[in-house]
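Notes follow once the structure below has been shown.
Chain nomenclature is as follows: A, B, C and D, assigned in order of appearance, with residue numbering initiated at 1 for each chain independently.
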Amino acid sequence: MSPSHSAAPVRPPAARLDVENLSLQFGGVKALDGIDLHVEPGSITALIGPNGAGKTSAFNAISGFYRPKTGTVKLDGVDITQVPARDRAKLGLARTFQNIALFRGMTVLDNIKLGRHAHLTSGVFGAFLYWGKTRREEMELRAEIERDVIDFLELDHIRNVPVAILPYGLQKKVELARALAMRPRILMLDEPVAGMNREETEDMARAILDVRDEWGVTVLLVEHDMGMVMDISDHVCVLNFGRRIAAGSPTEVRNNPDVIKAYLGGSGDPRKAALDGAAMGEVA
Amino acid sequence: MAVEFIDIVETSLAGIGTGSLMALTGVAFVIIYKATKVINLAIGEMLMIGAFVFYGFSAGLSLPIWASVPLTLAVAAVIGGLIERTMIRPLLKDNPVSVFMVTIGLTSVLIGVVELVWSAEPRRLPEFLPSQPVLFGEVFIPSKTAYSFVIAAAAMAVLITVFSFWRGGIALRATATDRAAASSVGIDVPGVFSFSWMLAAVVAALAGILVGSVGGISSAMGLFGLSVFVVVIVGGLDSILGALIAGLFIGWLEAMVGRFMGGEFKLLATFTILLVVLVVRPYGLFGTHEIERL
Amino acid sequence: MRVGTAKESYAADEGLFKTDTQKVWFGLLLAGLVLFPLNGSNYWMFLAVLVMINVISTTGLNILTGYTGQVSLGHAAFMAVGAYTVAFFDGRFDTPVLLNLVLAGAVAAGIGYLVGLPSLRIKGLYLAIATLAAAVILGFVFLNWTPVTGGLRGLNVPTATIAGIELATPDRLYWLVMPITVIMVLAAKNLFRSRVGRAFIAIRDRDISAEIIGISLLKYKLMSFAISSFYAGVAGGLWAYLFRVVTPESFPALASIFFLAAVIVGGAGTIVGGIFGAVFMTLIPEFLKLSATALVPWFPDASIYLAPVRNIIFGLLIIGFLIFEPMGLAEMWRRTRRYFALWPFRT
Amino acid sequence: MTRLTRRAFHQLGLGAALVSTASGRAFAQAPEIVIGAANPMSGVFAFAGVEGFEGGRDHFEFVNRAGGVAGRRIRYVNEDSGYRVDNAVAIFTRITSQHQTPVFFGDSTGFQKAINPELNRRGTTVMGGASFASEIDNAQAFPNQWIPGPNYSDQMRVLLRYIAAQKKGASVVFVHSDTEFGRDPIAAAEAEAKRLELNVVEKIVTQPGSVDVSGDVLKIRRRNPDFVIFHGYVLQPIPEFMAQARQAGMTSKFMGTFYSTDTVLMNRAGAAADGYMGVSCYNFDADAKGVQVEAIRAANVGKTRTHAYYQGWTNAMLAIEVLRRTLGANEELNVVNMMKHARALKNYDTGGIFGVPVSMVNNSFPHGRVYQYSAADKMLKPASDWITITASA
């Protein structure tokens, strides 16, 4: 639909994320216990671990929804631990949610537009008139989203459909689209392929790789689908009981005995082949 | 004019008497909230319809009190159950705002029904409470205040016993804590919903009979519900203990304000308290603080 | 036929009216509004003015409740603020009508902003109860701040006078109220084409994820409160020019429920829904009156039962729409339109 | 818009005129005179609205049977206002846009204030109302309205003068509701009490809709005043207040103003209302003489009629008198002429409705007497002579 299509949008450079000694506590329960995590610019880093290992807690602490007990979160070396969640969006930190967090009453297009909210400036009076600057801003936003996001993720057939009626896989994709509209420098994906079938999973994996390659964005993801993690990640970090038990390349992690033990419940049988296969997370 | 100590004592006791009726109505509200998580804006109107049904039996049909009261409570239970089945249940899965607005619609319907059947004219209930006043030395307590306090206190004692020991009460508490878990141990959760609305309607009707016997009944008496909101917000929406304590407190406060500042300040005082509590302690004095989830 | 609409540009797709048919309909509506006074009945003009005032106010509440998801039980109190503001400024300083209306909106917006402040800490239904408290407190102020509000006697409002023309009757006032209504409704429509309006909906749909994508909840909730109260204030100001007297009893608590009912029945979260709701709820009592008249030969006391029946119908409409048609009349309208758009190819 | 739709509109409106007196067109040659009304036939004031409507209706039937006014029959067009200002304004607009309406009856202070600028602007319609608000009793601000009796302040004055005559320096408590209606006469009554050297020991304000009087009873129990005056209620808390006060051993006399004194409501309250005193300008005496009271008795054999009925009748009677005088002088029916004749009502013989001939002062007839309710006989009995309030010192 859009007349011109440029493949590689010009974007701010990918960000580096450093998490040090991060601890989080709910009541008496330690959800995170001093974890370290280093995400290289332009990499795809996966955070894995059995259920209850603290992956989502770590995500929530990094995106600012939980205030950590100790530790620091640094974006490109700048400490953002005290920055409120909504302001991290402006710094280039975007995320998706484990249970899809789209705005159900809106269309796909409006959901994606919302991703850019923090970057727009028009105010309430402009909104009433919808004239001049506001109109211009909205038009530019529309054109950019069409070009960079909708075409890119092939969502043009559903742009005016309310998200509530979309199938699960597409909703996940719309959430990714909304995160992309935020012009992220680091994209945090919480279980991007959970509940998807093989075909949808591959589609999403390809989209993630494309995002990294064409947008030059750093990607940090939490995922249970081991096959997909091993396929696309540059770096894998493994959590168990709120502690980091391993980190390294997919191959290194795959052969790490602690990881195998964590996943197989210490049965003593190092069936590491299992780690090559499909979803592992449900084992633990 | 000088404020005499005995004035304060008398006003306080009268206020606590009214407060006990607020507390009782507050408990009806809490029962519904605990079981179904519905904020029932129509609680004052449920009280009103109870009072009018009682009027129908005792004045309209001239039945004796010992027959009118149980009949009223039975009718109230039916009304409560009907409301739950027809208006609340279909929306329970929706967002809480919809159900809340349904109860707003319910206020309008109940007022309309009462005015249709009994007209908007104020009426008096037949006298059934003893009329000689209660005197503690110099301190004078109007008889209706004293006796309605005794009845309200007894009703609440029964309710608390029921909640603590009877199976149905325990099922209600279990449902309040965790619907899924309650269901998995064999509790009939929809049954608990119906039961809670029926029980609340019965309690509200009892409060209505008492409130009506003290000050007469009219289609505007649902305004009593306004003070009850303040009670449950201050006490905590899901706390029976909170409703008790806050009820007595708000009743006392309104009486004191009315006595020493003037009746026009009563609502102002209670609603100011409400705002302060909302801002300082949004979950009330004894309410459960619900943890926000993503 | 509008089965598929191919747009030439994004500008067309982002337009206020997306199809030519819509433009035609809007043109017809405007023409109807301009021609309506030709009916010549002062009574119908009165009703038309009242309906439009209610449209403005309902649209305001729809912005807050329908779009932002914040239930307000004190909307009528903000109308009262607007009415008092007009009465005060026009009566005391003889300021121009349009300025008074802007002031009415602004003062109401300011107070709405204050009332929204607790939303920093409380949300949802707790906030609804806070608005109820605010309405009670405002009522107390109206009654007791005698130097400004005239206390229990209230204030008289001078005739609205624009360019020397006295708008004393509904058929003249119409020419003030109608354009303001059209402008304010279109402005509301515009609001939801822009980032501000989208932020409101985001807060309604999922406030926590709204925060994560960079929307300040407090800022936008307060903004929604202020805008909603602005609309109520202007509506109240026009109300004051229509009725020419404002007293503490002009805007009872029941009026807030009337507007809430209008939002629900019309369709929360759609502009056209607010219009439908306001028109429908304002005309229902008139319709009931006509029905009662028709019943008089068989049922001479019909008129005595009007008020209770009206109450019951208001309540049942709220309940019925919430249960059976939660998107309100707007959704019924949309379905009808769809049906005819595809006609005769039924789906 | 064509003429056709225009007619359709009018017919719709026409159909909405709810209740009108039997028309009987066949007899009348001259055009009818339409008198409009917005009475609260539903809602809290329905008890007064229905009675008030019937009082007006019965009077117009009485007049029509006698051949109307100057040969013109009266057509009474009434609609239910539900005691809501916006409804009443809509009704006024509708009726006056369909008919020439020289007289219209309003239902409330709120409506009568709201419509006042419109009355002044039109110059064609005068208003008699159900409101006794002191504010309306002002010939400058409300030049085209009248009050069919004494305003609330004068009602209080009648009560206070009665009290002063009964007991020098008596102690009095005012109990009133926190509404426009309730607060209306309080300041004036305090001034009058001071002038009469009565002792106002307490003023109690109750919230609208408030049902618990026990606190308020406590408040005055220790003072045990000689008199307690209620104002601004539709009866509701009064019997309860009296019952509790008696239990508390108080010996005060209880009194009230117009809407707080209603025979039908008193009868419903029964023994609790026994001895209650109320002020009224109307003559409830069973053997009162006069054309009008006899007509009322003839129209209501075996029925007890209330204040509000008399008020509706009186409003209608005043309307007819004004129309008769204006038409008799061969003058156009506009506000200037009609109010000129209204204000010329001096020493006017009301046919027994008011006990003595009365004069309009400002917009009202400042005169009344105190009645006492007897539960045994189910009626109000005169307790004082007629008291006329002349401009106070």
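Throughout what follows, contacts are C-beta pairs under 8 Å (C-beta built on N, C-alpha and C of every residue); 3 or more make two chains touch, one makes a residue touch a chain.
Just so it is clear, the structure is predicted and the values come from calculations on it, not from any experiment.
Considering the contact criterion stated above, the chains in touch with chain A and with chain B alike are C. Among the other chains, the CA centroid farthest from that of chain B is the one of A.
With centres set at the average Cα position, the gap from chain B to chain D is 38 Å. Inter-chain centre distance (chain A to chain D, centres taken as mean C-alpha positions): 75 Å. A straight line joining the Cα centres of chain C and chain D is 37 Å long. Chain B and chain C have Cα centroids separated by 33 Å.
Listed for chain C are residues 143, 208-209, 305, 307-308, 310, each touching two or more other chains.
Of all residues in chain D, those touching 2 or more other chains are 42-43, 46, 178, listed in ascending order.
Shared contact sites, meaning residues of chain A that touch two or more other chains, fall at 65, 97, 101.
Interface residues of chain D, counted against chain C in their complex, comprise 1, 5-6, 9-10, 12-13, 15-19, 41-43, 46, 50, 79-80, 82, 85-87, 89-90, 93-94, 96-98, 110, 113-114, 116-118, 121, 135, 178-180, 183-184. Considering their complex, residues 69, 71, 73, 118, 121-122, 124-126, 128-130, 132-134, 136-137, 140, 143-144, 208-209, 257, 260-261, 264, 305, 307-319, 322-323, 326 of chain C touch chain B. For chain C in complex with chain D, the touching residues are 35, 38-44, 46-47, 50, 143, 152-154, 156, 159, 168-170, 243-245, 247-250, 285-286, 289-290, 292-294, 296, 303-308, 310. Here chain B touches chain C in the complex through residues 39, 87, 90-91, 94, 96-98, 100-102, 104-116, 120, 226, 229, 233, 264, 267-268, 271-272, 274-275, 278-279, 282, 292, 294, going by the rule given at the top. Those residues of chain A lying in contact with chain C across their complex are 63-65, 85-87, 89-90, 94-95, 97, 101-106, 110, 113-118, 120, 122-124, 126-130, 134, 137-139, 142-143, 146, 178, 182.
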